[in-house]
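A, B, C and D are the chain letters, set down in written order, and residue numbers restart from 1 in every chain.
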Amino acid sequence: MRIAMIGLGRMGGNIAKRLMAHGHEVVVYDRSADAVAQLGEAGGITAGSLQEVVEKLEAPRTLWVMLPAGGPTEQTITELAGMIGAGDTIIDGGNSFYKDDIRRAKTLGEKGVHYVDVGTSGGVWGLERGYCMMIGGPKEAVDRLDPIFDALAPGYGTIPRTKRPEGSDGRAEKGYIHAGPAGAGHFVKMVHNGIEYGLMQAYAEGFDILQNKTSDRVAEDERYDLNLTDVAEVWRRGSVISSWLLDLTASALAENAKLDEYSGKVADSGEGQWTIEAAMEEAVPAHVLTAALFARYRSRSGNTFGEKLLSAMRHGFGGHVEMPQ
Amino acid sequence: MRIAMIGLGRMGGNIAKRLMAHGHEVVVYDRSADAVAQLGEAGGITAGSLQEVVEKLEAPRTLWVMLPAGGPTEQTITELAGMIGAGDTIIDGGNSFYKDDIRRAKTLGEKGVHYVDVGTSGGVWGLERGYCMMIGGPKEAVDRLDPIFDALAPGYGTIPRTKRPEGSDGRAEKGYIHAGPAGAGHFVKMVHNGIEYGLMQAYAEGFDILQNKTSDRVAEDERYDLNLTDVAEVWRRGSVISSWLLDLTASALAENAKLDEYSGKVADSGEGQWTIEAAMEEAVPAHVLTAALFARYRSRSGNTFGEKLLSAMRHGFGGHVEMPQ
Amino acid sequence: MRIAMIGLGRMGGNIAKRLMAHGHEVVVYDRSADAVAQLGEAGGITAGSLQEVVEKLEAPRTLWVMLPAGGPTEQTITELAGMIGAGDTIIDGGNSFYKDDIRRAKTLGEKGVHYVDVGTSGGVWGLERGYCMMIGGPKEAVDRLDPIFDALAPGYGTIPRTKRPEGSDGRAEKGYIHAGPAGAGHFVKMVHNGIEYGLMQAYAEGFDILQNKTSDRVAEDERYDLNLTDVAEVWRRGSVISSWLLDLTASALAENAKLDEYSGKVADSGEGQWTIEAAMEEAVPAHVLTAALFARYRSRSGNTFGEKLLSAMRHGFGGHVEMPQ
Amino acid sequence: MRIAMIGLGRMGGNIAKRLMAHGHEVVVYDRSADAVAQLGEAGGITAGSLQEVVEKLEAPRTLWVMLPAGGPTEQTITELAGMIGAGDTIIDGGNSFYKDDIRRAKTLGEKGVHYVDVGTSGGVWGLERGYCMMIGGPKEAVDRLDPIFDALAPGYGTIPRTKRPEGSDGRAEKGYIHAGPAGAGHFVKMVHNGIEYGLMQAYAEGFDILQNKTSDRVAEDERYDLNLTDVAEVWRRGSVISSWLLDLTASALAENAKLDEYSGKVADSGEGQWTIEAAMEEAVPAHVLTAALFARYRSRSGNTFGEKLLSAMRHGFGGHVEMPQ
């Protein structure tokens, strides 16, 4: 089928390519004419404006918006809403906050436009491996777009099949689900990222403990100088903690076991924070996911005011002096 | 080669079987005559006492002790030490604390006996999948026993190969490593389990947040009744958080999405605690691994004295009344 | 001066009484006629409606709203806004979210009405001890109302004076501050409560560790059966951790060292959660304040779905069975 | 009564002085002759060796050892043990690990020597304010030494009395308790310090959140530039979170609200770590106390290996580049 891809960055561009590789027609648009031209060469139907995008589609239209969450996504959807009509569908494939989805779906729904939110995981590997997709929105639209999602998903691959109950939704095994109404796709993706932070931090702490087993705080005959590259590799094989993140860890350590090309100042996108907000709304304790987020905050700062206050208190009651030099 | 397996529980029995399946001769012993007889039928050379075990081996002897950590392992090793001599090797394949390994290796080393500690991961799946092994001990003994480890390890399997540096130790890719001197094997395995706790807790918190999205604390139009079985399944395919633990989660949810056959009272073996102790010895912050351990503690108790004290304080300053009924 | 108190619950009633005891005239109103009558007997000028409240004040009017945060406060302020005019002041003395203050101050400001937010700490003890107040709003209004705040504040009392810099604001030492523009009062109070959760949890964990030193997990000759009542009492005298919360702890334990009249299911008001949200907005790690909040969540639930999932995973990889009975 | 003080550092010297001020005779000894001479001028009976110390006492002798925990304390006690006999008492007033107390008490007990462990809180303020003491050891010895403890303790002071049950031990209100057998004193003191870390971190995080409310991550009309000196001061008066640590905070901020004379690299003594070990032995969750300890670890390091690993993983799955510059 024909679909428009608006936003041709790393994610949008690759998704367009994978769709074309599966026989779909993709109208491509980006603020950057270069990006449009590149996708045009790759087989895309180029458009020079949102208006032209809309004109190159036939009702019911499908427009996949793949832009940074917040302002860019919001503005584009608002503009598009004025150009399309009942039965058309806007897909937000970015990292929007699910409450924004709920709001937008209401507004667009009033004029008959379907709103579908798609949380995608797979990063730069998606073009090749396929994208894991968590989808929210009205059944009618999600069902109509099934060929799109089917093309983007990884499919069964070589992954061992789970013994699933009779009548299970077959899409999950191909790599996409219709999670629920508007926002449900981004909500599930958000929690996915929250978990991702927790998993990453678990590995990080573990490798830190291995790495520091040479510390002179440790009794001399209990120090080990471990080969972390080999440790990561061996855990990939038959151990309980094998995972894709561990595969990436093994690769990174194989390249440079010191990791000294990295600063260790770790960014976080919104999803980690939103996951904690969701946990608090539900009164669910989320010690691990929160600690993982906070570790990233701390990684980006020098010594904090709070830490200085600890020193100040210690000085106050014990005469301890912890000075800069 | 010929080796003795002392302790024929789920782990020891399966290891013996896998060794025999790979052409090794295994002298089998257990306090339970039934267990010995069963392994005998499976091809093992039966022994009725430790003394008989020793007699059925030729120098240099290899004795794999696969017993519960602590008392049983300690006593057996002590007994064996009196029966064997220079050049023989005792393997502790259980979950011993690595500082016990260091101590034992010193004692045994004085009479020329090699001590090798093997941390194994793979659980009940090891017989079929192979065991991931982290090995500590003297190079001489570990090298001599290579055919044993090679037989037990999973091998390359279908796991994608990591691009590894020239001259890397090939054993890691087959599923076992010589981590370092005495204790290093159990130390790496210990941290592995610490990480395992953290990973598990990250998934647990994430699924809790998904599950409670129907809570009446949540605004009515923001509730989702998610199909967690499908969520777990879809994350196995192309997502950043795919892992073996997620595979198990998908299977468990596919069997019973409510998980109501489980109490939720979660045990911990010693490794989680020892990992935190190691972190503290090294002054490494381990927020996530610790929180994962503490969540298990809390899962096993009712309301704590500390929680009652919170209520008492609240009553004290605010007149809040939080009574049993 | 004359002021209206709207909302005569435990907090509003006591504040009205303390104001009257310091010579101020208080117009009292509550939806409950009984509450109004009681304050009338105590010297208040009774009013039967918001309209009557407004009529019994002279411009510039001062109306202290002391109602539950959210709906009740919002509605009352909206209603009052229609009855009063430029130069009048509405005080919100409840536990409003500071972002609501910012919004209200803008709306009210457009018609010249001053909005002052007052975070108060002191609980049921405030009538006697005085209230610690953190105030946000326009300088003009806060200065005009100084006699009110001065009457409510604890004053210097017997608390040792801090050596303060020249030109310090004298109000802080009397127990109130003008923290900043609209919302700043509630923001500071909110963080105060966040800290309060952390302090309480620190004591709770410590006493838990003392209490469980009789546990049969502890080596027999290392068990202590400690008198926690005496421990709390002794820490009040010369120790680094003496505090008002410890005073309350000592009293509670002196009354019943088992605390078994408390369920240990601990409520949280919004401030703890908002404090974490503020921390995340600022990217400030707040491990302790968050853990304290999460401990309260967990105290109110039975075994969670996440905990069951841990058991399910353990069953999956290790054959561990953790069943209800 | 007459007592020996061995170790005349800040703590030992002040304790000796306070004892003399209350009419006790103190034999003073330190490796530093200067320290001995100084205490001699202050009224102490000087001794040039441990042997001389013992000779200047009469049976039953009382020797207070006030040295760094670990080696120095251990050696001194061992030496003294050879010089004294049945009925004599050694007091360890330092920060020993309570399991060392248990061991020592057994050894000394075999020759009839009493061993008393005294955990003291009060820091540099103790000379003036008195010391809060938690005492472990045999009743006979603790009772005999009551005049010593009574002299050192703060006494009732101006602290409001708790309503205590009939027959309560009066010593708690004077500032010392007999907590239990050997080690109980240091155990209670250890948990005291664990709580102290938690309390300090709660304040630190709260003030960090206040301080960063000017961050440009915060929406422009929601930023507050708060006067933290005033905030700390006002919380001392009538608020729920008033405490001695808050008094110290207010003083430190009054001196320099930026705290920029402090590095924020915060040391920890052993007690925090031991408290977590005790929690784990008892299976008590201690999220807050642990997080407080870990925050100190992190304050002392630059970016960790684990943080670099996070960056490496992010690079692996998302092509994120987090480079040093």
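What we mean here is this: a residue touches a chain if its C-beta (ideal position, glycine included) is under 8 Å from a C-beta of that chain, and two chains touch if they have at least 3 such contacts.
Here the structure is a predicted model, which is why all the values come from computation and not from measurement.
S.K.: Which chain has its C-alpha centroid at the greatest distance from the C-alpha centroid of chain B?
M.R.: C
S.K.: Counting C-beta pairs in contact, does C-D beat A-D or the other way around?
M.R.: C-D
S.K.: Please report how many Å separate the Cα centroid of chain B from that of chain D, as a whole number.
M.R.: Chain B and chain D have C-alpha centres separated by 38 Å.
S.K.: Please tell me the distance, in whole Å, between the geometric centres of chain C and chain D computed from their C-alpha atoms.
M.R.: The mean C-alpha positions of chain C and chain D differ by 31 Å.
S.K.: Would you kindly tell me how far, in whole Å, the mean C-alpha position of chain D lies from that of chain A?
M.R.: Here the centre of chain D sits 47 Å away from the centre of chain A.
S.K.: Identify all positions of chain B at which a residue touches two or more other chains, and write them in rising order.
M.R.: 123, 125, 201, 203, 205, 208, 212, 240, 244-245, 251, 283-287, 291, 294-295, 298, 304, 306, 317
S.K.: Report the residues of chain D in contact with chain B in the complex, numbered from low to high.
M.R.: 240, 273, 276-277, 280, 283-287, 290-291, 293-295, 297-298, 300-301, 304, 306, 317
S.K.: With touch defined as at the start, can you tell me which chain D residues reach chain C in the complex?
M.R.: Contacts found on chain D: 98-99, 102, 121-123, 125-126, 129-134, 153-155, 157-160, 162-165, 168-169, 171-177, 179-181, 183-184, 187-188, 191-192, 194-199, 201-203, 205-206, 208-210, 212-213, 215, 217-218, 221-222, 224-227, 229-231, 233-247, 250-251, 254-255, 275, 278-279, 281-289, 291-292, 294-295.
S.K.: In the complex of these two chains, what residues of chain D are touching chain A?
M.R.: So the residues of chain D touching chain A come out as 10, 123-125, 200-201, 203-205, 207-208, 211-212, 244-245, 248-249, 251-253, 259-267, 287, 291, 295-296, 298-299, 302-320, 322-324.
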